[in-house]
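Every chain is named by a letter (A, B, C, D and E) in the order it is written, and numbering of its residues begins at 1.
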Amino acid sequence: MHKEVLLDVIELNAGYGGKPVLQGVDFQVREGEIVAVIGRNGVGKSTLMKTLIGLLPTDKGSINLRGASIDLVSAHNRARKGIGYVPQGRDVFPRMTVLENLLVGESIAGKSTPGKVDEIYRYFPILKERADQRAGTMSGGQQQQLAIGRVLMGEPSMILLDEPSEGIQPNIVQDIARIMVELNRETGVTVVFVEQNVDMIRAMAQRCYVMDKGRIVAELDREMLQDRDTIRRYLSV
Amino acid sequence: MAILETRQLNKHFGGLHVTGNVDFALQPGEMHCLIGPNGAGKSTFFKLILGEHLPDSGEILYDGEEITRAKPFERIRKGISVKFQVPGIFKELSVQQNLTIALQHHVAPEILQEEIDRLLEFLKLSQDRKQLAGNLSHGQKQWLEIGMAVALKPRLLLLDEPTAGMTPDETFATGEMLQELNREGMTLLAVEHDMAFVRQIAHQVTVLHFGKIFAQGTIDEIVADERVAAIYLGEVDA
Amino acid sequence: ADPIKIGVLEDQSGDFALATIGKVHGIQLATKEINDAGGIAGRPIELVIYDTQSDNTRYQEFMRRVLQRDKVDVVFAGFSSASREAYRPIVNQFDGLAFYNNQYEGGVCDANMIVTGAVPEQQFSTLIPYMMEKYGKNVYTIAADYNFGQISAEWVRNIVKDNGGTMVGEEFIPLGVSQFSQTIQNIQGAKPDFVVTLLVGTAQSSYYEQAGSANLDLPMASSVNVGQGYEHKRFTPPSLKDMYATVNYVEEIDTPESKAFVEKFHAMFPDEPYINQEAENSYAAVYLYKEMVEKAGGSTALADVRATLADGNLCYDAPEGKMCIDPKSQHTSHTIYLAHVLADHSIEFPKTWDDIKPYWLGDVGCDLTKSDPSDQYTPSHLPAN
Amino acid sequence: MEFLYSLFSFFYQFGDAFAFLVLSACGLAVIFGMMGVINLAHGEFILCGAYVSTSATHMGVPLPIAIALGSLAAGIAGMIVEVVVIRPLYKRPLDTIVATWGISMIVTQGTLIVLGTTMAGSGTPFGSFSVGDYSYSIYRIVLMVMALVTLAALWLMFTKTRFGILARATIQVPHVAEALGVNTNLIYSLTFGLGAALAGLAGGLYAPTMTLVPTMGAAFMVEAFVTVVVGGADIFLGTAPAAVVLGFIKASLTSWQGQLAGQIGMLIAVIIVIRILPRGISGKILKERA
Amino acid sequence: MSSASRFTSFLKLIEGPQTLGKGPKFWSGFGVVLLAACAYPAFADSYDVGNNVYFFNWLFMAMGLSLIWGYGGALSFGQTAFFGVAGYAYGVLTINLGDAYGLTLISLVLAVGISALFATILGYFLFFGRISGVFLGIVTLSVTLVLERFMAQTAGPEWAIGKARLNGFNGMGAMPSLTIPWPGGNIVLYPDVTLYYVTLVLLLVCYLGLRILVNSRFGNVIVAIRENPMRAEMLGYDVRKYQLATFVIGSALAGLSGVLYTSWGNYITPASMGMTAASLPIVWVAVGGRSDLTTTLVGTLAVLIVFQSLTIYGSQYALIVMGTLLVITVLIAPRGIVIALLSPFMRRKSKLEGER
């Protein structure tokens, strides 16, 4: 059922100016998969996401997208290759309106798709209601929805989500998980997400990598993900 | 007498009414959770209590004393302390300095270092003590922010989503820590979306919806309330 | 023989450079000529030149330096009056000798200073009566809003009054202002017969272009423009049409001495945009100093060189004509030319006044042969006695 | 009739002050308001525009084209400066004060050394017209119109075009904009270049009316900074109203009490406005609207 | 706690997280520099000594700005306002009071007091009005420009305070130098050896005093406010009061510079409050390394010396070289020249840790 390898990460090392964080991360994601990355605070999950999108340089090892190395490709060109990224802690453009925030997301596709905004509004009705509000004054959870909606505007073929459930009310967490799964089924979008919320992991993930101290230390398959306690155990490796 | 009480508290931004006539009382020694949909006005309610925003009308009482228009720092000095939703740490200062600034008020210089070490240990940040706070991971920042709030030894602690970004175990440990502090006499008001955590600590739960109190009760009562499930919880198994 | 050292502090960069680089060149030209001819009393001149960057604090730093470190015999320094006032306490403290080779508002009564530039009694007592006679008695003054402008305006006001005229307006412009629409209208509203423009600095000279384009079309009179900032060369005709300026020198002066001077100057500095009166003052100052030292028998001691001024005959035949240093005020007499700017911005000289003395300081009681107050007087701040 | 003449005079003066403030400030508003870069070399981009356009006129190029060339030259200079000097400094915007101050020194003195102390002017075109007893320069009306045109064009560019949205996004959270596919380096260069080109435009427009010297940029600086800051963070909601307020105060005080009062009055107005609106005029407007 | 141990713990604050130099290495280096500074007049001529005093004069203003901007995070673009106010105040006071009986010293104190008072009023207006960031910069710049423009037009005789003519743009002169009353003849502090030592001692006292201040609790709070004023307030600190106090102390130091400068050259001018003058302290402090007192001090001195030398030897190219140096410095030395020059020699100290 699974197709080619979309993302192939080999012996990846990265960090912050001389301070190594990722120390040999190895994993693969196939086209159309939904993969979770879990681990304790500070093990390097966000660092991994930032390195994948190109906000941090690869120090050693390599990242391959569809078989071609993208280590030397700048972040915006990685985005142009169809990678969408939702950073941890929202990072909306605070002094722009909700609608303007959404429009920036079109850059991933490099074109604007008519009707796309309305599609996003259907997923997240609050965004329509507040289309003209400055994003910085939205509530925490509203901003998270905006950040996800913004990336969807660019119709990425792969989405990197960093703790999407953080600060979101329970029923919307469920909605987001459902939306992502739906999108995955309909459009075949690949999703890699970092998460701590057990329910969300279970609702979304097909596979799961466990990180500790800058490495992947375990992989959980679909079976293992059925069990809450297994996930909990691995979450606190 | 309630340690914190609001009477008919109103706040609007432009045409948007963010809190509407909120009457709320918190008893000393209580552990109370405030839940509600995104944008319900929970964080705004906190900011009103702290004086970061001033209400359009209504009153806020702390320990029976009116503080509606008091300056934020005056409220803190009366014994309130807060962990914000978005961590407000001092990014370019070391973790250790962050804690020093929180502690130096009320901790004698001779034991300041000891106290810092104790807190660092507790926050699992001992190794990162010299790290600039801005370079911490997201979760570590949350921890530091909680540490600073707790360091003030408040009588009333306000926590806005304290466990966001924590693993279930960490969340549980945080709950235990808070219960410990509560046993020592601290009153607690927390905003949370993590129902397991709410269940763990809350004596009472208030649901805020469109700026109004929508429901109030124990966690079991709230979870059982179908209206709350409809607007907020969805299909939980908390 | 040991060289005679002359310190030169002039603004070769910054706001005033336009009017002052030529001063340095004037000094260099005179120095070359004198050295070629055997120096001063047999001693060559050595110049110690610093760029003061149109910055008062540099004058303070470098005045100390030339006097203490370079141990110069004399200093030629300063364009703006503020820069002169900045360095004057230091010259006084070390009892040095400084030449201020610049037209200014007048009044410096200081034994350590010699002024070769023209002063108001030389420029206004000639200019204003002429203008009133020719154009009428209603006068409007616009002046830079600082000491030079305010004191000069006061001179104009007094002379207008003495000659039975009326000041229909007076406006002071802060230094650095470059926009004049309102001023132009104020002038139109007051309907003067002519306008006295005492504008200083490159920003303020924008006035001429703006007045021209609003078709203000009034005759103008100035003691400072044209002769210092050669506005008639910088702006397109006819914006300075009918400007009358009293100058002790401009390069258009059509005497053989002047022509020879211009020729020499351009031979040495082919890129010089204009030889203004301060360049000539600076050039002449070197020769005046040479006279003083030679008359003092080769001594450069302050007392000795000052003693040579006593008889009032310390003179030099400058490109403008004869210049003599007045012993009481240590200021210099000048030939004053009335420069009239024509519609095509060429200059004619309808009138010349020979040997106009810097009499004012002496008249009000400054007498440096007797005492040295080291003060600056103005018509409204006179010596105490 | 007299009254109408005076009224016209007042509007002309107000428009003149307004145009000077707007044109001085626009380039700075883009660079400072958008990018947070405190550009002390703003005056030197104005200088560049003025010198290039004047040289072009001397060579026989018609004035409008000459002005466009001045603006273009400043814009290109701006893009080069951005790449070489400004780009490494976005993370520490305050350091741009020193860097641009250095650039300003280099350009001013370099111009003096290379081109001499002054450049001959090109003369103000179009002549004058009269209303009542007063005659006015027609070119100054052109300047007023240009100020309005510039504001309108900028407003359209920043709110109605994709470039505007991407530029604002880039300046607010650069790493996220980059991760969303925005070529932030290009945006930075274009934005800075636009600001510099606007400064060059001001230089080209005012060149016929002013003394051309290497230090001429300084004449614009105080007005430009004050207008931008009183305007606040949002350049369109801010710069135009700030220029209206300050232009009105300056024109009134100048006509009533003279230039000194106009100058000091404007600076005191700045102090008072900021005290009343600590985030500038647009800060206030945005707060109300939200 | 006994008063003695209180005093030692006070002295211990001379080192701490807010200042870079620490440990025996630093202090022995400091001692060597201090000794060299003390011995310097024995080896230098009177010009150099006086010229160095001139450089010293500006360092107080630089340290004050480091405190306000580097530590407190408030970019004041108008420190020259306090410099000028104090300079003029010193001129007016001493011209009227004369130089007998130590009156110049009293005038110095009064003039600094006046600038501090002015800073208090302005600071109250600014900080209690919650003005911050660039808005603060422009308001302070406006204040200094208003003062400059006002003073520039006070040439007329009506602008006098007692015997002291303000004298407009030309500047006020003829005020006596600082004079120390001494049995057997007053000591007039001309720019020479005595003034050198007096200024050096003042510098030392201010430097060490500021070190103690920034490492104290007060210092912790002001850097906290720089990082995040809202959080600082939510830890119970009255942010406005701390900001005001910082501003007043820093501005009083600018005032001290103003008095010393005025006495040094017997001259004060409106230009010292103008745009160029106002930008200079920012340039010195930024180039030196604003977030530390020592780097500010050393860096400012270096910039002053280098710029003066360039002006002496560089003729018309001086300004171009200066400009180029500024640009390069900013690009390659984000934390200022001092740290950039030292970092190859020193281990990365704790304050540097975690830096990118």
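In this text, a residue touches a chain if its C-beta (ideal position, glycine included) is under 8 Å from a C-beta of that chain, and two chains touch if they have at least 3 such contacts.
According to UniProt, the chain labels map to these proteins: A, B = ABC transporter domain-containing protein; D, E = ABC transporter permease.
Given the structure is predicted, the values throughout are model-derived calculations rather than measurements.
Chains making contact with subunit C as well as with subunit D: E.
Judged by contacting C-beta pairs, the busier of the interfaces C-E and A-D is C-E.
Once the centre of each chain is set as its mean CA position, subunit A and subunit E turn out to be 51 Å apart.
Between subunit A and subunit D, the centres computed from C-alpha atoms are 42 Å apart. Taking each chain's centre as the average of its CA atoms, subunit A and subunit B sit 28 Å apart.
With centres set at the average Cα position, the gap from subunit D to subunit E is 33 Å.
Shared contact sites, meaning residues of subunit A that touch two or more other chains, fall at 16, 137. Of all residues in subunit C, those that touch two or more other chains are 13, 145, 172, 174. With touch defined as above, residues shared between interfaces to two or more other chains in subunit D number as follows: 109, 112, 218, 260, 263, 290.
Partner subunit B is touched in their complex by these residues of subunit A: 16, 38, 40-42, 46, 88-89, 126, 137-142, 144-145, 163, 166-175, 196, 198, 232, 235-236. Of all residues in subunit B, only 50, 52, 71-73, 76-77, 81-82, 84, 88-94, 96-97, 100-102, 104-105, 109, 130-132, 135, 148, 152 touch subunit E in the complex they form.
Across the complex, subunit D meets subunit E through its residues 32, 38, 40, 85, 88-89, 92, 94-99, 101-106, 108-110, 112-113, 218, 221-222, 225-226, 229-230, 260, 263-264, 267-268, 270-271, 274-275, 278-280.
The part of subunit D that touches subunit A in the complex is made up of residues 162, 165-166, 168-169, 172-173, 175-184, 233-234, 286, 290.
Listing the residues of subunit B that touch subunit A in their complex gives 13, 36-40, 43, 85-86, 135-140, 143, 161, 164-170, 193, 195, 229, 231-236.
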